[in-house]
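Shared between the two complexes below is subunit A, which pairs with subunit B and subunit C, respectively.
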Partner chain A sequence: MRKAALWAPGLALLAAVFALPLAEAVWTSLHQVWLQRPGEAPFVGVENFALLLASERFWAAVRHTGLFAVTSVALELTLGVGLALVMHRTRARGRALVRGAALVPWALPTVVAGLLWAWILHDRHGVANHLLVSLGAISTPLVWLGEPALAMSSIIGADVWKTTPFVALIALAGLQSIDRGVYEAGSLDGATGWRAFVHLTLPLLRPALLVALLFRTVDAVRVFDLVYVLTRGGPGGSTETVSVLTYMILFQELDVGRASAAGLLTGAAAGAVALVYLRVLRWGGAS
Partner chain B sequence: MKRLALPLVALILCTAPVLWQLRTALTPTDELYRVPQAWLPARPTLDHLAAVFATRPFGRNLLNSAIVATGAAVLALALAAPGAYAASTLRLRGGRLLLGAALAAALVPPISLVTPLFRILNRLGGLNTYAGLIVPHAALAFPVALWVLAAYFRGLPRELREAAEVDGCSAAGALWRVLLPASVPGLATAGILAFIASWNEFLLALTLAGADRVQTVTVAIAFFPGIEEFPWGEIAAASVIVIVPVVVVVLLLQRRIVSGLTAGALGG
Partner chain C sequence: MRRTILGWLLLAVSAERLLNVYLLSRHPSIFEQVDWRAPLAVGLLAGIAGTALLLRVRTGGRARKPPLALLTLALGIAGWMPADAETVTLAQFKPRDPASEAELLATFTARTGVRVRQRTLPNASDVQHQQFVTWLAARDSGVDVYQIDQIWTAEFAAAGWIRPAGAELTAGERAAFLPAPLASAAWGGRLWALPRFTESGLLYYRRDVLPAPPRSWPELVRVATALGTTGRSGYVFQGKQYEGLVVNFLEILWAMGGRLLGEDGGVAVDSPAGVRALEILAALLRHPGAASPGVLTYAEHDSLQEFREGRALMHRNWSFAWSLVEREGSRVRGRVGVAPLPGPASLGGWHLAVSAYSRRPAAAWALARFLTSAEAQRVKALVEGRLPTVGALYDDREVLRANPHFAALRDALALARPRPATPFYARLSGILQVQISRALVGAVSPREALAEATRQMAPLAGARSAGLPR
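After this line comes the complex of A and B, so read on.
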């Protein structure tokens, strides 16, 4: 009983910051609540959800979020495993150097990383256009953040730069835990080079990669900072994600009820993604 | 040579954008807008760094971030250490419950919390206060702190706990007098990860503590751009100031942080 004093305070913190607000959000999402009129809150049932699900803007945000999540996570996973292999093969001092460098993008505040890329990608004064033009890759400077497809690519690129190292560090830990004997046994069966990577390394990395995937996907579904700093959801709403849309509904339209509903739908989407991964993880762990 | 090519590319890709920001911070404004841009400033200047402090409350923002991140890290550690002890060493049912709750919490998008936390804090008068941001930040950092510490406690020799029991320590006494003194590296890792998470956080800082008095650096930098013009030099200077302490700590303690990250990711 007295031992409950060890874990109860932590549970109380999580209840106060997660459970209680989520319960409050469920209540608000079923009422019409305006930020500037806190007194009145008539019950409206599922109208807030219905309004969202009927709006083209919401589904556009869902598409942008999905595109961002799938593309960025796929790139981060591929490049992350590549970077991990590079680090794994580099000898001790070089490895520490590359690992230290890889921690730099990870340690940056996302807002700072976003502004850093906004400056590099600046259409007139950015070094990206300058480099690409002088290398002959493009003939005229691109308006990276001003055209829908380019803007989304820029946001994905900035995210890949910032979070590939996280995937790589987890994959590296996975690589380092693989017994060398596995490869020796494999080489007797003719599994070397690429074959060894596909048939030995990847299956053994699977648990570590699934965990990295879980956290990266959930993070990607809730992307906010990069979009806010780089495009504010523009141009023309073409990079507006569900988190950014929720923020706009709350602080521009001041519609607390609908913002709560949008936040809950985002949470449900993240939860669904997580459940699928946890299923696969548990199943993979049992096999 | 060929063996070195790929690590070198990785090294450059990770650091060059940050070094470019450092170069921007030291380049006078007229040179920033010159085309084509030179790799290094012809007349390096500290004007942007000075301007950040002279024309903006950036010193105050740094202090706010330091207060909030320290508070959040201390609170997260204070609650995660006994929780991790209950979950790992003692294997209490409540401890397991806490691990499960932490995993669920780690998956909740902060945007789902923004609207209700804003309303709750508004009712309690906690908007634009340190406590109003410290508590949510501590909760966001709590799961990783819990996992890191639980993994660390699991790695400690059994004899430590048994010695505590022989000495007749209570559970809390064993934690305080035996386990924690032996866990300074684990506590440091968890504390640094919590500090960085809070120092870097933007969405809750923006929505719950946007007022000047308590505004943190991430929010301040995001609002550097005016209506007309982006002060790129000052943005770069402020970014460098925010980046340097974090990067120095991370590089000094990189082994710990990497092991903490992977324990946080794989131990949960």
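After this line comes the complex of A and C, so read on.
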């Protein structure tokens, strides 16, 4: 009885913020709920899901989301670990300053970061074109957000800029928890420099990296704000991700049922990714 | 025990309310517009009740009545709180000149005794649409008058979110409005809103370079291709994947004799005229001097910036851009001509509609009528350069002195066409946005883009509001 009193409030909170909205979304996704027709919600079974899965636009959005997630997370992980190593090694006086400065992009609200990048990438006034042209890297200014492949790359670039510090922070915490004795022992066996990194640092960093990977992938699968601010899914729908499509279904088509179905599918995808990582994480911990 | 909890709870509520009023009072501009008396009264009452409960508990829980003095005070405050003067809420984007807007609303209050609260939204049209739809679908009665983009009229009316306006206007009032904006406030044979501002697409051109504006779209393409360079392009328009792109396309489509929806309500855009219209936009982009590839990322503000910096010879924008072209800081000031587009222009503008969930419809209509009256529109025209929807103001000497270009605009407005009035306009436009954009970046040919758009739009066209077309 006393035990129940201890966990009941937590359970009630979970039910209120998690289970109820989820149940509501599931209910909505099985009905034809249309904002323009309040009060009418006929049951339609899995029609909302079927319509989505049969639509080419949905699969295009899945492809864009996949491309974005894989590329951005891979880049963020690589750069993040590099940044963490630099921050870990720095013993100079400006250490705190460097660490603080590295975190600035991550601390910015994503929409603000998106607007900043929209200015940076502007074809006439943007810093990006100005720098690249004056350095001679390109001969004519590029229209970063006006050409499908470039637009997707630009969005990935902006995301990498924004969230690499997050990965770096987690990796840095992992690095600091590694016992220095390991390296001393390793150096006796001839593991220094690159070999020490590959055979000592990386395996010991693995739990921290998996946490970073988990957070980043789940976030990347749901990416919305950067895309919405930079391209609204354009040009030609080439950067429309699943979350942007969900937004369009909800606020352009006012079709709450189908939007809920799309939201649930996104959530399921993110959940599946999380489960895979967690399995790997536990397995890694046991070995 | 329970009384103690209730007492503290009431004190917490009281503190929260009073803090709220205190914080509000530090922003005089907001303070004047919000109703602060209700939270103040609730805060005081909750504070007194909470104190009473706690005091009663502390004195040992004997059946002592809550201190009589406190109760009397509470009743006194409740009585002091003035009867809530009738207040209506107006939701709109931030006025260009908030001071003159506040003055107009104060005039309205002085005359009718109805106070007006403002809910100000960001300028981006889709952000307002999202917010309004959320409120209306939740049957929120917190907003009485909505300022809506004229393309939402049919959608909101079909949903039953706004009230018919027909009975609110006398024949004389009706006749005072320009026909085109008034028509865009109607749907299904009924009037649903009162037009407040209007807009029309226009062709801005550099009259120091071009002797005369082009008379047809093919001529415009020829001029842009012949005279445009990468540094100063021939023509700049709105090519980002959004509503503005559809507007640019429709204007050319209409000039080619095409239509988005046919007489029977079916999709008619996949036609020779449609393909020609899309090819004109594509042709402009194929030649790097004719239209700089940057237009694929431009909305109204960006294209205007390009033109103001002297980087384009011709520019399509709404009528509001005129005062910005001629303002200080514009490099082309005094060198710009304005002409009708080569063909029908698209009509734009904003209406005032009364929410179906308003609890004070009479006061709400009074506000909508006042703000769309010649008197109020005159102020907006003089101070903000807004195009009035009342015809007589185009002959008003003072208005014309402040806005000399209005005289020419009246003719352009007579030719402007509204976008199709259907409850599914936002969906049709969403499909077109993607497909037109695909053709412009060269992912598909114009013919393929229009065929695909038609395939996706077909279930929507002709569908009335009866069921959700899937």
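The criterion applied here is as follows: the second predicted complex is superposed on the first by the 273 of 287 C-alpha atoms of A that agree within 3 Å, B and C clash if a C-alpha of one lies under 4 Å from a C-alpha of the other, contacts with A are read in each partner's own complex, and residues count from 1 in each chain.
Quick note on the criterion: contacts are C-beta pairs under 8 Å (C-beta built on N, C-alpha and C of every residue); 3 or more make two chains touch, one makes a residue touch a chain.
Not measured: the values here are computed from a predicted model.
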item: Partner chain in contact with A:Arg37 - subunit B first, subunit C second, else both or neither; value: second
item: First (subunit B), second (subunit C), both or neither touched by A:Phe251; value: both
item: First (subunit B), second (subunit C), both or neither touched by A:Ala220; value: neither
item: Contacts of A:Leu77 with subunit B and subunit C, given as first, second, both or neither; value: neither
item: Which of subunit B and subunit C A:Arg232 touches, first, second, both or neither; value: second
item: Which of subunit B and subunit C A:Arg124 touches, first, second, both or neither; value: both
item: First, second, both or neither for A:Thr140, with subunit B first and subunit C second; value: second
item: Touched partner set for A:Met152, first subunit B, second subunit C, both or neither; value: neither
item: Touched subunit A residues, subunit B compared with subunit C; value: B
item: Touching partner for A:Leu205 - first (subunit B), second (subunit C), both, neither; value: neither
item: Common interface positions of subunit A, toward subunit B and toward subunit C; value: 38, 122, 124, 251
item: Residue ranges of subunit B in contact with subunit A within the complex; value: 3-4, 6-7, 10-11, 13-15, 17-18, 20-21, 24, 32-33, 35-37, 75, 79-80, 82-83, 85-87, 90, 92, 94-95, 97-98, 101-102, 104-120, 122, 135-136, 138-140, 142, 146, 170-172, 175, 196, 199-203, 207, 217-219, 221-222, 224, 230, 232, 235-236, 239, 242-243, 246-247, 250-251, 254, 257-258, 261-262, 265-266, 268
item: Touching residues (chain side subunit A, partner subunit C) in the complex; value: 32, 34-38, 47, 51, 57, 122-124, 140, 143-148, 231-238, 240, 248, 251-255
item: In the complex, subunit A residues that touch subunit B; value: 2-11, 13-14, 16-18, 20-22, 24-25, 28, 38, 83, 86-87, 89-90, 94-112, 115-120, 122, 124-125, 127, 130, 134, 161, 165-166, 169-170, 172-173, 207-208, 211-212, 215, 218, 221-222, 224-225, 228-229, 242-243, 246-247, 250-251, 256, 259-260, 263-264, 266-267, 270-271, 274
item: Residues on subunit C engaged by subunit A in the complex (per definition of touch); value: 126, 129-130, 133, 136-137, 139, 155, 158-159, 230, 239-242, 292-297, 302, 306, 309, 311, 423, 426-427, 429-430, 433-434, 437-441, 443, 465, 468, 470
